[in-house]
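Common to both upcoming complexes is subunit A, partnered first by subunit B, then by subunit C.
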Partner chain A sequence: MGEEPRIGVYVCHCGLNIAGTVNVKEVVEYAKSLPNVVEARDYVFMCSAPGQDIIKEGIKKHNLNRVVVAACSPTMHEHTFRSALAEAGLNPYLLEIANIREQCSWVHSDKEAATAKAKILVRMAVAKVSLLEPLEDIKFKVNKNIMIIGGGVAGLSAARDLAAKGFNVYLIEKKPVIGGNAARLGRLAHTELELKGIDVVKELSKHVVNNPNIHVYVNTELVSVDGSVGDFKIRLIKNPRYVNEKCNLCGECAKVCPVEVPNEYEFGLTKRKAIYLPYKEAYPPLYVIDPESCTRCLECVKVCPTNAINLNQKPEEIELRAGAIMVAAGHEPYEPPIGEFGYGLSNRVITLFQLERMLDVEGPTNGELKINGTQPKNIVFIMCVGSLNTTPNAYPYCSRMCCASTIKNALIIKDKYPEANIYILHKDIRTYGRIDEQLYIKAGEKLIRFARYGEAPNVIVSPNGSINVRFFEETVQEEISIPADLVVLSVGMKPPKDIDKVRTIIKVGCGPEGFLREAHLKLRPVEAATDGVYLAGTVTGPKNITESIESGSAAASKALSLLTKEEVKVEPIVAVVNEEICSGCAICIGMCPYGAIRLKVQENVRVAEVDPALCKSCGTCVAACPSGAMQQYSFKDKQLKNQVAAAFIG
Partner chain B sequence: MNKPKIALYWCASCGGCEEAQVDLAEKILDLVNLVDIVFWPVAMDYKLEDVEKLPDGSITASLINGGIRLSEHEYVVKLLRKKSKLVVAYGACSAWGGVPGLANLYSREEILKYVYHEAPTVENPQKIQPQLKIKAEEGATLELPEVFPRLLPLDLVVDVDYYIPGCPPTPDVTWKAIETLLSGNLPAKGSVLGALDKSLCYDCPLNETKPEKVLIKDIKRPHEVIADPSKCLLTQGLMCLGPVTRGGCGALCIKAAMPCTGCFGPLNEVMDYGGKAASYFASIIDYSDEEEIKKVLGKILDPMGIFYRYSLPASRLRGKITVMRR
Partner chain C sequence: MNQNFEPKIIAFLCNWCSYAALDLAGTSRMKYPPNFLVVRVMCSGRVDPQFVLEAFRRGADGVLVAGCHPGDCHYIEGNIKTLRRMTLLKRMLEEFGIEKERFRLEWISAAEADKFVKVANEMFEQIKALGPLKLKEVNTHE
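And now, the complex of A and B:
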């Protein structure tokens, strides 16, 4: 480095957070005795404006070229102090934080020992800072487009908001239709709003359809993503629809189609053909052929009056560039395995979503709740199916929306069929927030009976078709048996199928249950840890429609704070290859979780190369590099070795 | 004109380094033309007294192989240090301890006990064990050098100017190093002579055959597999230490379809060869399930012997902790 280090050490009291346990004055005196330390001072709150001024003055007055701040965790204020260095004209990366709060004062009570430890931490920081190098932020231009994966309510609301700001949105949907799960939901509230799921979808779609800023790609899946924040290079595959824009929705094709399969829009309550319109208000308003079930009999082709059907359509590759990516890939409803709570053993056992379809006037029964032609009198809802570890197949989490949704549907039934006896078997009622708790109160007033179970209730389907639900009621501590005409399973939400594929391509982490992980649950709930990737809707966990739309808008606004920038800055603490040493052994390449390393061949010599824009500074390649050629700025072996050695030798 | 003087000496070594020097073949004659060899116990009849009589600093370079295990080694290398302008650690044992350095996993007492009493090939009913000093029946006092508690690399005993790697260094590396030493154009102190500053992969003809990502699902020992000599051995599951080992050997073992065992030692930026080797190798095991990883790594029957084969005494570990405490 040439230049002799001139180090300033600034020790923070953090009120009494540090000073209550560490003798700060003693640490300051000790710091003064360390090699190359020119100034050491303390202050009650180093992060405050006057505290930062002490550092800035010190840098100018003593011509410091290195700074150690002994204070809280670097996650907290490293950025603050780096800015202070920069304002005083010093390279911000010539700073080292000695964490004497979280790693010292907060975890110790013995003042003498804590003071001794604080001194060692300062000594280590001084040892490391002496070898730090000045670094420059990495900057590059931001592409103004954004890709949103998932055309459900979260994705639609995000697309709407982003397009309204004038940004180009590529909206990718795997299914042949946008709208997602919400499109299949019935009435979203008991009173106030007579809004249905499809109405919300239609309302949001209005802003999306024919919007010049929004490009909708249905039947489209993600193939690969290269590049990084500000400039992702995306490859997609658009699967054939086999029906083109000439389709006039006459429906002749479906009439002649000989194949019948369960209709997913109606949760299998009805059948559809292999060529079908997903639902009445579907966008795009085109029929589609499901290649899984189509037998290629060509009957539809023969009858189509507009020649809109082409069975030879091929998948189409699409390449896009976008500065940001939003994942709003949604969820799937939990589908109980056959036999779980009698599901699949009787048509009197249905899921909550099937019930919603039945209660929808445009649903398969036109809103009539009838099983085998008669109206069920005793209706038993079983909650937490697929959630809260109720059964061995269930997920451990609470699916959040099912309590309110169950009670809402119970009330809708009660309104329509006042004579119905409705029982809701629950583990716990979680009707949180401003509106849903009123549903619970209203349900009590309407004499909907609530009973609490601990062990999963037993749904006994007898050969004659009658059903009994038996369970141990936890409140009255009694075994109860209810003869049921209808059992409704309040199923929860689970991560969407194939989300692993998507998240691997985009490099977003997930939790043990498979939902994608936010960068920080509280502080950054709509961002992924991968820069430039945003998360919206139920892909991060169960949400109701309001919450999904909220998170869509929130993610959109987060994405805007990136897209409105001309260039992005990346912290330069990235891995770097010493080409003098690198032998091109390629070990590092397989290590990098971000695909940031490649081999370049120049004049027949192979060396690894790190793309600083992709590197996330995890250090995995550094640990794996067999030759020591890979080093990470500010964490170079030499710097760490000096720091570690200082822990032992003072 | 006086030719530069060269001394060659061996400490705790197998004699392979001498073999390698002799393997210079007709180049030996070139060497003799260029220098005077003033000490070379394996090949020439100079005695220690001859070295003791030389003026200090009169030897241009002493090439010392083997680790320091005996008091005699210590005496001679300190003498050579005094008499030489340059001291060069020749070969893996001298540089980092080498294979004999693995003895640092045992205490001196354990070793002597095994060697003189317990080894299956030993028959020693009188329980005779060498003594440092003994009065012979004829009245003379016989002495043996002391075995040190552990083996030390040369640079922990005397100041070392340069290193020549290998077990043994190849004739090519040896000659290049000698040329450098005699050129007068000396590199920085502490440099490694005659070899590359990049790992073996740089030199390896199979490097190009690696797939984009070098990840392995299984480990195989050389006798368990007939290796495809045209494909990177590491990707065939053989524990090749080429990536972590200094190049310059010409990939001799690889060309014979044997994986690199690491005799050229670490590169300049690596602090601990064995640690780095274990870290690199553990990194490429291609499982995320802990049990699977354990199963594969469990196949490394002798991790010390694999990763620290040539460098235990010079490593951060040095040896077994009980040895260090004594």
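And now, the complex of A and C:
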């Protein structure tokens, strides 16, 4: 190392996020007293351009060769500050972040204690940074393919945009059909042309099917992902459809199939057979057998005129290489447990999505709103079912699309059945943005009645089948009871069932509710914290169709900025062998899950050697090395021990 | 036992799961005692048992090593190596007279901020009850 460390310490206020709890000036003064610290300064937002300029000026003016930034978590802005170092001509790896926001000011309320802790964190960072070494980035060639998980509107729009730029897209869908949740929605709000969910899906699919750049894999699930940004090695499993391309959609098979199960595409309003076409305009346009309900009676095989059915089809393993991965795995509608707001106790209590199906002319009732043969007169919508902690089972967040969607459906009903009395029971109306508020205004004009509840309304289903909705109206402060012919539960969105499995394979974080987490909510909303992984659509939280398509396009354009590069840089914090100490015992080789270490013979001596292109920087081999010959750049024994020691000295 | 005793805990956290969980605890404004100091490593597999000993020798009253859940390791199975090493270390620490409550290995996913805070608070309570770590003989080798 030779050169004496000359360290600059830069303490961020983060507005009041840090400065509200930590006495920043005191931390700066303290930092100045630490060994080798040449300059210490604070600024309101160190990550801002002027904040970065302070660091860059400091490096130049004081000839600094090490920098500590005391600010937010390194996952947030380590990259930003590394760039600032590089711009000032300093090696970007001579930086250490002291996390005094997430792990200090935000979790401690005692100002004195938080300030004392911030000082220790700065001291630990100074101790570590003084032993850091300059490193050079490792470069890889970028594979030009991208895999998109999820064939809903977000995934479809991303695939369309990426293929239009000439990139190869592997579109993976777990279900036997693409289109996702949007395909099941009826008339969409604000579309004068009576555009339906399926029309949006069809329009997007037009660019996707038969596109030579897009390879659609339905019935396909992710098995594993190895490698990293620029070159992911992906293994998939394509589950059998049991029906091949010879299927001409004649439907004879379904006629003879003896098995009936609830039709999930109609939200259980109708039954389907074990062999079925998900819906009329499904892509791919092929029947499919649901292996869970199929009894293998072979009746369908006997009647199929094109011999398209093969019950012996086996799952198929697929291996792909891609430079980037996009997760657009969507959401699931919240399904209330039996009894919640009377759901499941009467066919007069339905969800918003079931209503969407009933109002769709292609739906199970051909667009007629009829229950037990009669048209319901008193219709009560209950909003925030499954959202805003309305019930113990509900999620804490707002599901964003339900207010506009509820009012839209109420207006459709009112248009069609002007005699209907419609009540919308809500906690709060969130018809946000440029257009949705018009729906709310129009609903008022059409005399749709709005009432605000605080405590969850009580839906009472009498033994004779009649229903009463009772609640305390918050505005007039009065107990109200409405006899209802139909209760519609405006259910929200929840994370998809298998998302944890996908998330674990790709290594993306999630929030406490289970939606995937963006790298940064505001600055990097369509990227995961893992390099080369992008996020689109409702997998990060509730969105309407417009927002989902928007985020699909946004994620595509973010991915393009990676895919258009020839090479990608990887953090060079890999393992490295000190050949003079290495005894060639090979313990490290057994530790490495990537096969990155091998023994080489050098001057008749066996020593370990690390391939930096294969090393993923876990450091597991380092901890196992009995002689200390194996080390990890930026996480060397002496660097970490110095950091630990600094927690106590001083 | 000294009522004013505030234990000092060093936590070695893997970058991907447990460090992210502690960040989430911050984002969620959860609360835990301040004397909880983090050393970030890329994988819990990087934690050399010597680091734990070093922390105790320097004056830690407790040490936490945390990583991804088995099967969830960002580096496939680094945490399994950690489990083996730390199991052995635990037995050794007891031989040294370091109470078992002072050292913990935990699997904490990026979403489990609440678990993290629970573990941290538990450690503080248990170690507070034990009092400061006394390592007279060892400490003479400075």
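Heads up, the rule we're going with is that the second predicted complex is superposed on the first by the 437 of 650 C-alpha atoms of A that agree within 3 Å, B and C clash if a C-alpha of one lies under 4 Å from a C-alpha of the other, contacts with A are read in each partner's own complex, and residues count from 1 in each chain.
Heads up, the rule we're going with is that a residue touches a chain if its C-beta (ideal position, glycine included) is under 8 Å from a C-beta of that chain, and two chains touch if they have at least 3 such contacts.
Only a predicted model underlies this, so the values are computations on that prediction, with no experimental measurement involved.
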Considering only the touch criterion stated at the top, classify A:Leu135 as touching first (subunit B), second (subunit C), both, or neither.
neither
Based on the superposed arrangement, let me know which partner A:Leu121 touches: subunit B (first), subunit C (second), both, or neither?
second
What is the contact status of A:Ser583 with respect to subunit B (first) and subunit C (second): first, second, both, or neither?
first
I'd like to know which partner A:Pro74 touches here: subunit B for first, subunit C for second, both or neither.
second
Using the superposition on chain A described above, determine whether A:Val256 touches subunit B (first), subunit C (second), both, or neither.
neither
After superposition on the shared chain, which partner residues are touched by A:Ser617: those of subunit B (first), subunit C (second), both, or neither?
second
Subunit A contact check, subunit B vs subunit C, more residues touched by chain C
So, does A:Val303 touch the first partner subunit B, the second partner subunit C, both, or neither?
neither
One more residue to check, A:His108. First (subunit B), second (subunit C), both or neither?
second
After the superposition on A, what does A:Asp637 contact: first (subunit B), second (subunit C), both or neither?
both
Can you pull the subunit A residues that subunit B and subunit C both touch?
591, 620, 623-624, 637, 641
Write out the stretch or stretches of subunit A touching subunit B in their complex.
578, 580-587, 589-591, 605-606, 620, 623-629, 631, 637, 641
The answer for subunit C against subunit A in the complex is residues 8, 10, 16, 19-20, 22-32, 34-35, 37-43, 45-51, 54-55, 58-60, 71-72, 74-78, 81, 85, 110-111, 113-114
In the complex formed with subunit C, which residues of subunit A make contact?
73-75, 99, 101-104, 106-110, 113-114, 116-117, 120-121, 124, 504, 507, 509-512, 514, 517, 529, 573, 591, 593, 616-620, 622-624, 632, 635, 637, 640-641, 643-645, 647-649
The residues of subunit B that touch subunit A in their complex are 197-203, 207-208, 210, 212-215, 242-245, 247, 266-271, 276-277, 279-280, 283-284, 286
